[in-house]
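Both complexes below contain chain A, partnered by chain B and then by chain C.
Our next item is the complex of A and B:
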């Protein structure tokens, strides 16, 4: 790998000198530089950062000529912005080429060598991806071949090692996946061969993945080859769609499942119906012991092989993001229903410009299992009993949300929302004793367009939070208070209690976006922490260039993308971000 | 290639991957016996711990299991460190077991994100030097596979009259030493009986505070004047050796010579990695 990198660099510099006309291929890419300054702020719990200024930077360069393409990504973490894994920057900062590939594609075959991202089905046995917001990049480094020589059937084979920061993990990953699109496949046997009515589509798929990792443990008999497979189907007829996937993994004792030898299982079913003005989506997910990694001893988001789809709504309003749900790969069962309805324009509720309503409900439980997640020593003989697809007693998360969007006139729009949530903090954030949090949040947003290019947007949100003590059986109890009325149980963190939030944003399209917002933790148990977190941003956009300058006091918390989460520490300082594509 | 050949190829590949699957039948735990390791490389487990850290005894048990499994090859240091778990609190946790050396190691290697229990295995590893306890076994095994680049001989002498410990340390380089080689010598003490939080106890109906916990391999400090990182012993040729003498006074200290060991660590200070380690009983 070390010798490969300089060779690629030379290759690119040669190409960039010669790539003046189309015959020589095309170079494209993008870059992003984020800089953050840190001011010590003991009130909000911001750490003292000795460097005072930190930066992450990325540059993607891609070269394409005919059927051939190649690319690199240069990354620097000098040092990593707080909240990213300290393994990115290491002790003294890190920079280098974290991703490089060469690829050849024609109608029949698609071969990639070097780094690649791949997903089998919904990703429950394999999904490698980059999520920069989370500092997650689990790309494979090796060979991938996709064959589409038979119409309607695509076969993907992968062989590789997985990226872990600036190195690769110890495991070797091998996999094969097939996907069959029935309608297209039948065309191999004649143009008029069909078994499904017009407009119906049926797709089947299945994949197998195995990872090898040497057993060096003198105390346990560990499986060196851990295999997982999935089967899946997607059915579509008119506005109706059904997507189902089942995955299975053999015994895979490791850090994150406390060396349990149980097999892993996962089922995901998603049904949806859409018609003009109406969208309904219902999903079910059940998981047991499905944390799958190319190294047994990796933790957090490092060297994760699979992705377990989230069945909870992903919010964007600030206060709704304070307690986001993180998927529990060791065991959970959840359901979600989502309804979107638009009242027709001109109707009583629709008014002149239309009204839409979105209702979402999600609930996640433990699975019915003899395993006590709070007591890692309770796993007797490294096995436990479990009833897959049966709801356990513990509620991890419950979330009801309704949002109404209405356009009142050509220039004025509002969006009102209400959310009621139950969040089992001690389990989701692995912080024993912190109990559960019940919240009610009201959100409101007002958008007024003054002219065709100038817009003012206001947001006001309120969160009422109640902290509950949870007993060993998962029962919800009243908080315990001492003689002075101070809560002693559950344990409270810096951000406890109720919040109010306000934002004002002024846009001069398409170039300027100016916003100021404040979060006020007025209900904090500790009067000294009833703090204002004031932030401001100025964004300038010109063609592909985007420049953001901000200043703010940022509360600590959790950031999640699709149920995959990382902690974000509190900070105070300036931020600067520049990005562009070319 | 026609489609029947392709199908055949795919079937073969599918079968190959399916066969790469190891289902393990009980018993899952390996029992008995000492793992015999051929080379002379030894391994240092530095366990960052604290008496108010309830998950730390389980980690100490892992270190002990490895110490037993690789008899004579593994050296353990229990480093009571950090403000969160090792600072004194109340009557039960009144004694401060933290040391200047331990705090310096903690600050250097665990830094801002100092969660405990956590440890280092010869201060090496693929993803940073800090390794969670259940990763120790694999890293210890990997380190033991390495070919030793040096050997360390320790000859401690304790004079009970003057209460002075003298240690003669001989380092012999088996392959050429680097410009940044340092020799650090520490004192550790076994069987210190003192309180420890232990989250394994409530499930047995006991209080989580164990007032008679036996602390093993407790780091007590550096021997000699060179502190945490030790003395520079730069660029020695293969086959050469040096001998150094270090002293430490036990006067006024609670340390019991009978339970104490000296630990010699040859390390690359810049990289922070341990080259070789050895120990010897004081008495």
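Our next item is the complex of A and C:
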């Protein structure tokens, strides 16, 4: 990658020359620089960082002219900010071009060479994507072609190797996906050809993906070509929509599924109904052995080919994100129901400015299987029995949430919420002996506009937590305590017990945000760990430029952005972030 | 990997320079061609979004983004007046991925929003328009060019935004930002 630095300089000089000419296409891009200082803080468990100061940065440049576009991204991890995989910075830090592509597109065809992000259907067999805030990037590097010359039919073909930090993984990925929009497709045979009633829409799709990787295993006979496919259908009529997708993967023994020879299966069904003021959404998702990667040896988030997000609500209030569910690709079945209703303005409950209520319920179980997810030895002869779509006995996660938003006057708004959650920590965080956690959280938010541009926002949240013991048979029991009231089982971590959180934010539109917040772990069983995590931020925004300066203690925990989570260690220090789009 | 990289990169430079030697008239960013979905989940080319020569406010948001929802809720109560006075069309592009994208249509309807809504499930348009974080708004003039943009939302931003929309609707240069 280092050989690219001179090339990058050439690129910039070419751009600076060409940018003076107004008639040469468009150059755009964005960048972000994050800097974090680290002060050792043994109380919160912040590790000693020898560099004391670390930084992540990237800059995207995109060039577009007519049907042609091309771009690069330069990335640096000097060294990576804590929480990102240590593979980014390696031992001495790393920088280079992590992404480059050239693309030609017209009405019939769209061809990309280089890096690209692609998703087949709901992503259950293929989704390459980036989440820069979490250090995730599994882009394919190769060729992608999309054909759209037949009305109502789109075909996508991909060939590539998958990005793994500053290199690519060993597997070769090949895939093809088609999507047929029935009513549009029939228009190829005449403008009036139609078989569905007015306003009904029907869509079909299917994709096949195959990964090739040499079998070098001395004992096991492993499939070198691992095939997966999906079929999907969407039906719409009026405010009603039904979406279903089934995916299948042939046997693929590897580290993350404990070398099982079982095939993988997944089903996702989503139904929704909406009318002005009302939105209802119900989904079901079942997974069995669906961890799919372009390398058998890769772990965690490295070289993952498919995307299996949690079928649970994605929270944003701080204490609601303390125990987020993480999908169990080796086996789970979950359901979620979500209801949103906005009372009409002028009605009794709607008031003059309107009231919204949102209720969400999600529950995830084990699938009925002979496999014990906590004990890899339970798989005998590398096979296990499973009843796909049958709820197993173990509850992984259960979550009920209600939120009410009300605007009382032109200047004053409130949000209140309640959440009751059950979180099987020992399974979700793969920490045997840590049991489960039951929590009740109350959230409140008050927004008051003092003038047309100055606003004060307050948040107060409380979490009551109860730690539960899970015995060898998987039964949920009260915690076991000694004579002094100290918990023997489950094993407690540093952040156990109840929390209170408060935030105050003052904004001056459109430029200034000043906020202070504190998390207080007042219910920690260890009196020495009843700590305050106080932080402050000042943000300045000018058009697309954003500058953030922060200082404080950050609680160790799980950070989630856009549906994906990563663990973030505790830290104490200054942070600086600059980003812009040009 | 390295030889492929070098090959691609040199190719990219050569292409860029070749293409630059041809003349063309656009110097400002327009809505680029990216594969997004309409609210029904059907694939649409983003370059086809238009508003008959009147301004478009293209707003990137997500169902999990609190400031985004606050912004779109506040704009919702002003939208009718703004539309009448300036002809502006608000296009809300959700960057929710498949975890939440099925909830977008019920969400928009449940909030009684009347925007033209698109789904950018895999971030194709977001990347093509160089968006870092949501909310991020672009104002596009009658000829399809980006004339103003703003990242993040604070209550009261709409005052400044409306000034800019009025300037663009009247065909004036955007000033004072």
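Just so we're on the same page, the second predicted complex is superposed on the first by the 556 of 582 C-alpha atoms of A that agree within 3 Å, B and C clash if a C-alpha of one lies under 4 Å from a C-alpha of the other, contacts with A are read in each partner's own complex, and residues count from 1 in each chain.
Operating definition for what follows: a residue touches a chain if its C-beta (ideal position, glycine included) is under 8 Å from a C-beta of that chain, and two chains touch if they have at least 3 such contacts.
As the structure is a prediction and not an experimental result, all values here were calculated from the model.
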item	value
Which superposed partner A:147 touches (first chain B, second chain C, both, neither)	first
More chain A residues in contact [chain B versus chain C]	C
Touched partner set for A:167, first chain B, second chain C, both or neither	both
Which superposed partner A:68 touches (first chain B, second chain C, both, neither)	second
Chain B versus chain C as contact partner of A:289, first or second or both or neither	neither
Which of chain B and chain C A:36 touches, first, second, both or neither	neither
First (chain B), second (chain C), both or neither touched by A:498	neither
Contacts of A:461 with chain B and chain C, given as first, second, both or neither	neither
Intersection of chain A interface sets (partners chain B, chain C)	167
In the complex, chain A residues that touch chain B	47, 49, 86-87, 90-91, 147, 149-150, 155, 157, 164-165, 167, 169-170, 174-176, 178, 208-210, 212, 216-227, 250-251, 253, 255, 259, 261, 296-299, 302, 375-378, 381-382
Contact set on chain B toward chain A in their complex	1, 3, 6, 10, 13-14, 17-18, 20-24, 26-30, 35, 58, 65-66, 69-70, 111-113, 126-128, 131-132, 134-135, 137-138, 141-142, 200, 203, 272
Touch list for chain A against partner chain C, complex	1, 3-4, 7, 10-11, 14, 18, 21-26, 28-30, 32, 60, 62-70, 72, 97, 100, 102, 105, 110, 113-114, 117-119, 122-123, 127, 129-130, 132-133, 141, 146, 154, 167-168, 179, 181, 184, 201, 203, 234, 236, 239, 241, 243, 270, 272-281, 283, 307, 309-310, 314-316, 338, 340-342, 353-354, 356, 358, 447, 449, 451-455, 507-513, 539, 541-546, 562-563, 579-582
In the complex, chain C residues that touch chain A	1-2, 4-6, 8-13, 15-17, 19-20, 22-30, 32-33, 35, 40-43, 62-66, 70, 77, 95-100, 102-103, 105-112, 121-124, 127-133, 136, 148-152, 154-157, 159-160, 177
